[in-house]
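Just so it is clear, A, B, C and D label the chains in written order, and each chain counts residues from 1 on its own.
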Amino acid sequence: MTPEYPTSLGTSDADTITLLGQDLAADLIGKVGFGELTLWMVTQRRPSAPEVRVFESVLVALADHGFTPTAIAARLTYLSAPDSLQGALAAGLLGGGSRFLGVTEDCGQFLAATLAEADPVPVDDAGFDELALAAVRQARAAKKFIPGLGHPVHKVQDPRTPVLIEIATEEGLRGPHLRLFEAIGRVHPQVLGRTLPLNGAGTCGAVLADLGLPLAMLRGFALLARAAGLLGQLAEEQRMPIANDIYMHVDRNAAYVTPKSE
Amino acid sequence: MTPEYPTSLGTSDADTITLLGQDLAADLIGKVGFGELTLWMVTQRRPSAPEVRVFESVLVALADHGFTPTAIAARLTYLSAPDSLQGALAAGLLGGGSRFLGVTEDCGQFLAATLAEADPVPVDDAGFDELALAAVRQARAAKKFIPGLGHPVHKVQDPRTPVLIEIATEEGLRGPHLRLFEAIGRVHPQVLGRTLPLNGAGTCGAVLADLGLPLAMLRGFALLARAAGLLGQLAEEQRMPIANDIYMHVDRNAAYVTPKSE
Amino acid sequence: MTPEYPTSLGTSDADTITLLGQDLAADLIGKVGFGELTLWMVTQRRPSAPEVRVFESVLVALADHGFTPTAIAARLTYLSAPDSLQGALAAGLLGGGSRFLGVTEDCGQFLAATLAEADPVPVDDAGFDELALAAVRQARAAKKFIPGLGHPVHKVQDPRTPVLIEIATEEGLRGPHLRLFEAIGRVHPQVLGRTLPLNGAGTCGAVLADLGLPLAMLRGFALLARAAGLLGQLAEEQRMPIANDIYMHVDRNAAYVTPKSE
Amino acid sequence: MTPEYPTSLGTSDADTITLLGQDLAADLIGKVGFGELTLWMVTQRRPSAPEVRVFESVLVALADHGFTPTAIAARLTYLSAPDSLQGALAAGLLGGGSRFLGVTEDCGQFLAATLAEADPVPVDDAGFDELALAAVRQARAAKKFIPGLGHPVHKVQDPRTPVLIEIATEEGLRGPHLRLFEAIGRVHPQVLGRTLPLNGAGTCGAVLADLGLPLAMLRGFALLARAAGLLGQLAEEQRMPIANDIYMHVDRNAAYVTPKSE
């Protein structure tokens, strides 16, 4: 009994390449954008033009944040193994975990879980405020952070947030996840006693969740955006290298301390 | 003496995020596409609309090839470590080396090296044919393969090749790399004694080289395209898993053989 | 103000390499085994001979499990990118996550957390049985699995478990984590209504925790053991390749299904 | 026709785990060291005690070199994704490429290729000197570096080199690769016009080649040694973190430069 492996993505024979049931050469190349194809591959449903615009806005918002730990790790890996660009890119992506790049997914998951327990889902701002207030109180009681709230640099406002909300609104795709996130922005000061900004990564998570994307893939979109940013970082490293200077700086400022046992 | 680390990519302060000298929120999000931004970050020069269309055509052409070794490796890694999507994506990209994904860069490099030795660069098909003939003869004498020539499945024609040439031509971006590659397609039979197709991955390399992209980054674009394809594969694995069946198939058909020493 | 980066690991000057405060060439090479050095680097305390023997027993127990998803992923990555052995090894290790390789750490963490709440820590089997019973009941009430309990193949007994317990006992290093784990083995049937084996990976976690190793590093030792196993897998792939057959098997048995939207 | 996948490594059934034809629990755990098992898995031949001692000496020599680019990349990745130790370890290993960790394999390959062309292989120092002289002259004529010659820090002598030679000699395993490497150390000044040290990584390559290990796996042993070193680095990062300081240092000393087009 030979197993079968079902797929709706790519297959090919001698003359044709099929992807998502489309003829790759005749129907996709040159006719479908890269962001559009990505959305289509992940959802296996052809996206609308508004969905593509919102999706690409998110990717642009997340593509590069300068000298993050992931960008530095990618550059150092490229310094050490210039024969393997894939290794440098992979090393950069491996930093896409809970602390720096995970907020997008964590926020989407948090909003979706909150909405899943709402009965019914609110229809106006007052309703979202009420739901948000309960969620913030519950998080505080459990001593948990609200994903997407606060930013180490943009302490008052993350400039990406209003722009992303505006684009989602323009395209008719401002849904319950984003509305709940905005409500969290309005109500949290009365629980936490201080005002934090809604950060861009969290807003991206809300927007992606409103696009109906699988929650367990949200981190993946942040990683794709970051992959493009890392290509920018690595091309710049080829042209104007800094990794060796970073290495030298760390190595020369090493301070030996006598080992202490545990 | 504190070192400085120059960059033209992302920086930020409390109120603004700057990327490539642009205000990310005001000038990029929602106004620039993801492919456009990627090109811009890599070249640090704003691309034209024709360049973006050709570039996205290449990314679409390379995004997914079905159950390649890289797709299978990513799915198996996700099976084994579902808590770390970045690890599954990275594992898939690490297969982007010399054999399956490297053709794009190898072909671009080969064409660029051939053109670098041409003096002057040809201006008509006859000139490109002559240059191609010399290059194919030299490769054959050195018992080397021409990167981009031949395909294990598409033995007569890779359906992506004519479409990519057509799009580059439409956009006024069919340059010397692609023309040389086409000439190789015309002349190689008289040297090799058989007719091989110009494959799609090689054509992508020629097209990317004509866009003036850094040759040492060409593999990177194949990796970015594949990153999107891997998100498709991993989303499908979440929805309709096959990795465990593959694992079971291999494990159950293991045949123990007594070790032989070297 | 230049930062300083403290370390007790390696430093060097023109004539000497120092590691852990020792002269690498004079005091370590040829005098200290590889397992011994690993323990020393992680704990920054010179291990005793019994600790080294127990530690190496764990590494041997975890080194290779045949055609696991990680071994297959490493082989497929090597097929695809044979120019980058480090990529194939990294791809294999990236499967070292929650499902297949994480048990060692999860079990150590579970046992340590249970002991941390015990007041006082038991001194005899009756005391450990009581603590184990409470822990198993609590896990069942929370609908959680006990890490280290049960095995898909070794349904009655994992052959590694009694050997590891014996070695820890011989070396005087059978401590509270392992005793609690053994107690879980004795008492769980009265709560769960069926008898599951204590698996080898979980036993390794208990043993490593009794060595006083940092709990957040336990997964790391499983990864190191697996790195050696993956070298075995990749050397065998060079000598007697199977990755291409696996790829061909999956590709040829792909069954195209029409995409369904979410 | 179901394919079969041959292996001589691990297999298991309900009661037994077999590795290399041995009963893992009865014959290997606690009886075979970790280095010994690694050698055995790679060569599929049980190593002798002298081979194990020499092999572990090499692993100890290569385990940690302080704040190398790979160690820094691993620490930054751990900072960014502390939930995925395997990702941090993999990121560190991905720097094990041509520039920093590849010397071991490059040197072994160079020596093996030189010996393969020698007819017959020399039997005394005079013969090795002659062969070395020809090889150094040929490399210089081709404007190639000799792998293993020279070191950025140890400009006169790498302290690991004489110790490794001594251990190989003591154990009766100083073979033609190492003798040729030593000869290169003696004769190169008369060709290059200056005296360079034989570095430790190159010496390791010579020693591993004399152990009869597969040349295409030599980089793998450097990676295994480094995996242990990276566990030390990551354990130290948990205890006494520096990655955030490195990140802050780079980020704060970023100097924005206006993009120049290519």
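Assume a residue touches a chain if its C-beta (ideal position, glycine included) is under 8 Å from a C-beta of that chain, and two chains touch if they have at least 3 such contacts.
This one's a predicted model, so the numbers in the text were calculated from it and none came from an experiment.
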item	value
Distance in touch steps, counted as few as possible, from chain C out to chain D	1
Most distant chain from chain D by Cα centroid	A
Angle (degrees, nearest 5) of the CA superposition of chain A onto chain B	180
Proportion of interface numbers common to chain A and chain D (over half same, under half different)	same
Whole-Å separation of chain centres (CA-atom averages), chain A against chain B	24
Intercentroid distance (Cα basis), chain C paired with chain B, Å	37
CA centroid of chain B to CA centroid of chain D, Å	31
Shared interface positions of chain C, touching two or more other chains	2-3, 5-8, 11, 43-44, 66-67, 81, 83-84, 86-87, 90-91, 94-97, 101, 214, 240, 242, 246, 249-250, 254, 257
Residue ranges of chain D touching chain A (in the complex, touch as defined)	2, 66-70, 72-73, 76-77, 79-84, 87-88, 90-91, 94-102, 240, 242-243, 246-247, 249-251, 254, 257
Touching residues on chain C, where the partner in the complex is chain A	2-8, 11, 18, 20-21, 43-45, 81, 83-84, 86-87, 90, 94, 212, 214, 250, 253-262
In the complex with chain C, residue positions of chain D that touch it	3, 5-17, 19, 23-26, 28-30, 32-35, 37-38, 41-44, 53, 56-57, 59-61, 63-67, 84-87, 89-91, 93-97, 101, 153-157, 159-160, 162-164, 166-167, 214, 216-217, 219-221, 223-225, 227-229, 231-236, 238-240, 242, 245-246, 249
